[in-house]
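Several structures are given next for inspection.
Both complexes shown next keep subunit A, but they swap its partner, so subunit B is in the first and subunit C is in the second.
After this line comes the complex of A and B, so read on.
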């Protein structure tokens, strides 16, 4: 058994600290990749397909990143319809997104960037189920 | 018996480095009071630390009852008592509390009544019964040394090592301490012990059984005090130091090797201790050291008691906890200004749209800057509190901790007691800060998320400064490093001025203020303030889970490094 003088910081402890640091960095990257996108398990909307045949996508959920452009229509019961500018693979597009009254607390205004979780509804209306800023 | 066989110790691992101890062979028997004397720098304290195991000899063997302490098992914490030069006890505790805590930290399995009886007996032996209820701060130098001896004998150690315990005392007090050491060496419920006193004072010389004189790390004399003056051809023992200065350590060593056997033999033949130098029947039943949880409970209770009794500490914490949030809210005493939204209609003219955009930008600078600044201000003030929490927590009592560690205190229990105490303090600081600022300024955002982020920022700074504290050589050094670290938080957070990418990438992982600030802004995501802040900051905001993760990593890694710092042996 070593005496007290030998009870210095052992290389094993240093290795543990370095290991913890590496683990923290790897964990940070994993959290960054997974935690940065709240809707990471939801597929992105294929805008070309939506524009050509929206009915075929009815009932599905998709995510879309876009910028609030204008308020088009408002109804107390159904909510507010916005035009949302989306920069997709096929260029810039404008999509109609209906924000229901449940999400009215969000106080939307022009120029805000949002990630939308959308459900494709009847007649191709995109109904916002969840929204996250940024 | 304690024996040192041909012990040498060099200043460093370099073969050419000077010897602090050179070929030192001594032996000390149970029941003996031994003086190790010599001029300053001759290696007295080094010898004591080598016996203790705090210094590893370059060559030679230290044996206790025949067992090689390096290969056959070190001294148990309860076998060893080590009394340093300066009395180590908390000023605001009473004498009885100090001894009681020592009992609880060092000995397991005794009930309250037995402990009280043993404390009474110990206080009586050391002459402190009348002073039992006095705080340590009012004790005289001699009384403090007595207290240190009382504390070190709670586990009835077989080996009691005292480093300059009589230095700085008046001759009367020094004589009393030597008499006490003599008494302690003789009997303690049948457990005779070796008591070694390192000293440069020759007061009470006649009470010692053996005197070892060191000169430049070498043995100059080892024998009875009666022969000391004769060996050095001095008229009186007091003249020994003058005689020592006339020759080099090497010459005294050579002389001792030629003539010393007679003096050693005379000591062996006449010593009762030598004849009876074997462990008594009660020995071998060393008391068990309490477990981690028991030690934690004692330390935590003691930390709370010390905090409550130190009025300056309580006052400072109260001032920080109550005063700092007031500094924040003075910038928005009337609450935050209202915000005008951008129009969503397309019926505005281009001029109106431009005017609206310009107004929105001005608003972003005013309101967004205010909200971001208030958040950052809270974080920086909590960082300051964190630095204040951690910086002195270990460095301020390092000597005391080292002595308790030597007596069997686990660094895990010690650090855990600090972590829980500081956790309570951090909770009070962060929760009150967030609630107060929310209440007065109507600060926006998710209050729970903000409490968690600000708590983590405070905890991260506390943990990192605790790590600094555990590695610092002095409390002043710990304070200075901690303050510098807090000072870097503001400019490197990127909240005031965006950093160049390369600098940000390099420094950001270490800047808790950034992660707390970025996370705090994200807790306002669903408010309009978030948009305003984004308009005026160029610093990229990390995702909220990442902010939590990094702050948590700061806390965990800071605590782990603090643990390593606590494990280190730090003796002057």
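After this line comes the complex of A and C, so read on.
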């Protein structure tokens, strides 16, 4: 008869453990997500707006995720101009991103994924302020 | 037809009646040589020596020319004043002959009566019937004859001459009587003078008179005789002078009337009024029955008469010549009628024209029916037309006339005109062929020379007209092509120029400036065509973007080419997305939206990596981006 009493407690504990685990997982995910985005406070670049009128975005900073496509031109003083393929609402686009000499330590190669912190320059050229791989 | 040896002389003399000043020379005037046709004929004192070409020859101021006119009936050539004419090619003769051929036969009552009257006059004056009575009758009939229109008042002139002679004769009688009276007076004067010389009586001086006194007395005696005889001697001299003057008057009067009468006969002869010549010569013989009948004519005419008739010019010679001419005219008319019946119009017309030249006023010619004459007229007109056509080298018309004449006159000799026509046609065709070759080869000098020669040979050659039209139309085409070229050039319609480039190459051959312009146009069009071909080949591979880029690049240099624009439009549709991308990039670049523009160029390059537009745009803007960057 004693055995019947101990089996009533066990399901409660199991439910608590599962709930705790779920919460732990959710929390971990949230923490993980928030902790991986370095420029989470910077707005995404509106690709469509940029393509139609880049000059209107001059002086603003945006973040863009893309893949290095090719090096277009290099200047020791001003840096290297890359084409970066991005995915936007309008489909695949290629943006010109100027990587200044300060970021020359980055060994950029075609096909690498980067998140760029970009400033829209005077002529609408995107100037990379920060870059984060991945 | 037997001809009298006198006939050439007759023809020669009567021909002077024609007004030859208006004639057309048959051949260039050869002052130094007579024409071949006239050469065998007995030439008058004539031509070579008297021509004006010999400066050593003294000037001959004969009236109406430098020699006696001469007609060679064998060659129908009339010679006068160093010039030669064919009597059938004579405007005045032709006009006169045609007028005669169109005239009605003179068969009216008046004509019949006139001819009867003339025959009667001639008959009354003939040697077989002549008498003082018949002479007077004939004289009285002259005014009657003169009343007829056909006489042209010539009988009046004859009557006046006869009357003048008779008047002169009466004057002669009066002069004879005056001379008789003067002779009587002379005798009286002579007697009185002799008497006066005998009656001289002065008181004699005594024997004691000295020698001086006797000499004085003799002198006074002589002076007294002279004074007494003087009136008689003077009168005697006057009478002798008057007698001699009267004698001279008589001789002069007779000679003057003779010369006047002869002049009238010669005038009738030159007028070819042979019946009047006969009347006049018969009157002459009746009036001047005895004595010299030699014509008092100039040396030239006298020599001419002598050389052509073999006789000195006398009234009888004129009479014979007139009778011979009349006979010849009658014979000519008979021959005409006979030949007309045989439908040998050429010979018939020639015989009639010869008869007309000699005996225009002969009854046989005047009474020829108009219907008969009209046949000769038709032939004459066509013959004259043929001569004119050959003269102006209208060989087409000449050929037609020859064929017509062959149909109408079976004796028409076409050998000479046909030879002239065929020769001219052949030679002209040869020159035209050379001209055509020269035209093809572009040898303008030879073309002009050959055309000129061909034109001179046969001015109305239809082939010449066709060739000229062709050449001139070519010139028109060339001119029009040049105008079109200038117009298309101003419109920048190089495509049209390119489509007609063969035409314009030929047209601008002589215009270096246009040649350069055309060369540039053709080079540009070659570029366009090459681009279009390349575009077409690329499009065939399914590369519409590349095809579009090819025509798009070319069209920037040649925006007006329709064919290029058409291809561009077509390919724009095929490569719409790519075109849109490039266009957007270009537009943004134009707005200095370099970032946006570069992004579009990059997009375009991603769409079509070989894109030249994208490549150059990226390169251009990339440099700008790096340079602009602070």
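As a convention for this text, the second predicted complex is superposed on the first by the 107 of 134 C-alpha atoms of A that agree within 3 Å, B and C clash if a C-alpha of one lies under 4 Å from a C-alpha of the other, contacts with A are read in each partner's own complex, and residues count from 1 in each chain.
We take it that a residue touches a chain if its C-beta (ideal position, glycine included) is under 8 Å from a C-beta of that chain, and two chains touch if they have at least 3 such contacts.
If you're wondering where the values come from, they're calculated on a predicted model, not measured in any experiment.
Residue contacts after overlaying the shared chain place A:133 against subunit B, while subunit C stays out of touching range. In the superposed pair of complexes, A:75 makes contact with subunit C only, with no contact to subunit B. Once the two complexes are laid over each other on the shared chain, residue contacts for A:13 go to subunit B alone; subunit C is not touched.
In the superposed model, A:120 lies in contact with subunit C only, and not with subunit B.
When both complexes are overlaid on chain A, the residue A:98 reaches subunit C alone and has no touch with subunit B.
Residue by residue along subunit A, subunit B and subunit C are tallied for touches, and B comes out ahead. With both structures placed on the common chain, the touch criterion links A:61 to neither subunit B nor subunit C. Of the two partner chains, subunit C is the only one touched by A:52; subunit B is not. Against subunit A, in their complex, subunit B makes its touches with residues 52-56, 62, 69-74, 341-346, 406, 509, 522, 525-528, 530-531, 534, 541-546, 549-550, 553, 556-557, 560-561, 564, 567-569.
Interface residues of subunit A facing subunit C in the complex, by the touch rule stated above, are 50-55, 69, 72-73, 75, 78-79, 81, 83, 85, 92-96, 98, 120-127. Considering their complex, residues 1-9, 13-14, 16-17, 20-21, 24-25, 27-28, 31-32, 34-36, 68, 70-71, 82, 105-112, 132-134 of subunit A touch subunit B. Residue ranges on subunit C touching subunit A, taken from their complex, read 592-596, 598-600, 602-603, 605-606, 618-619, 621-630.
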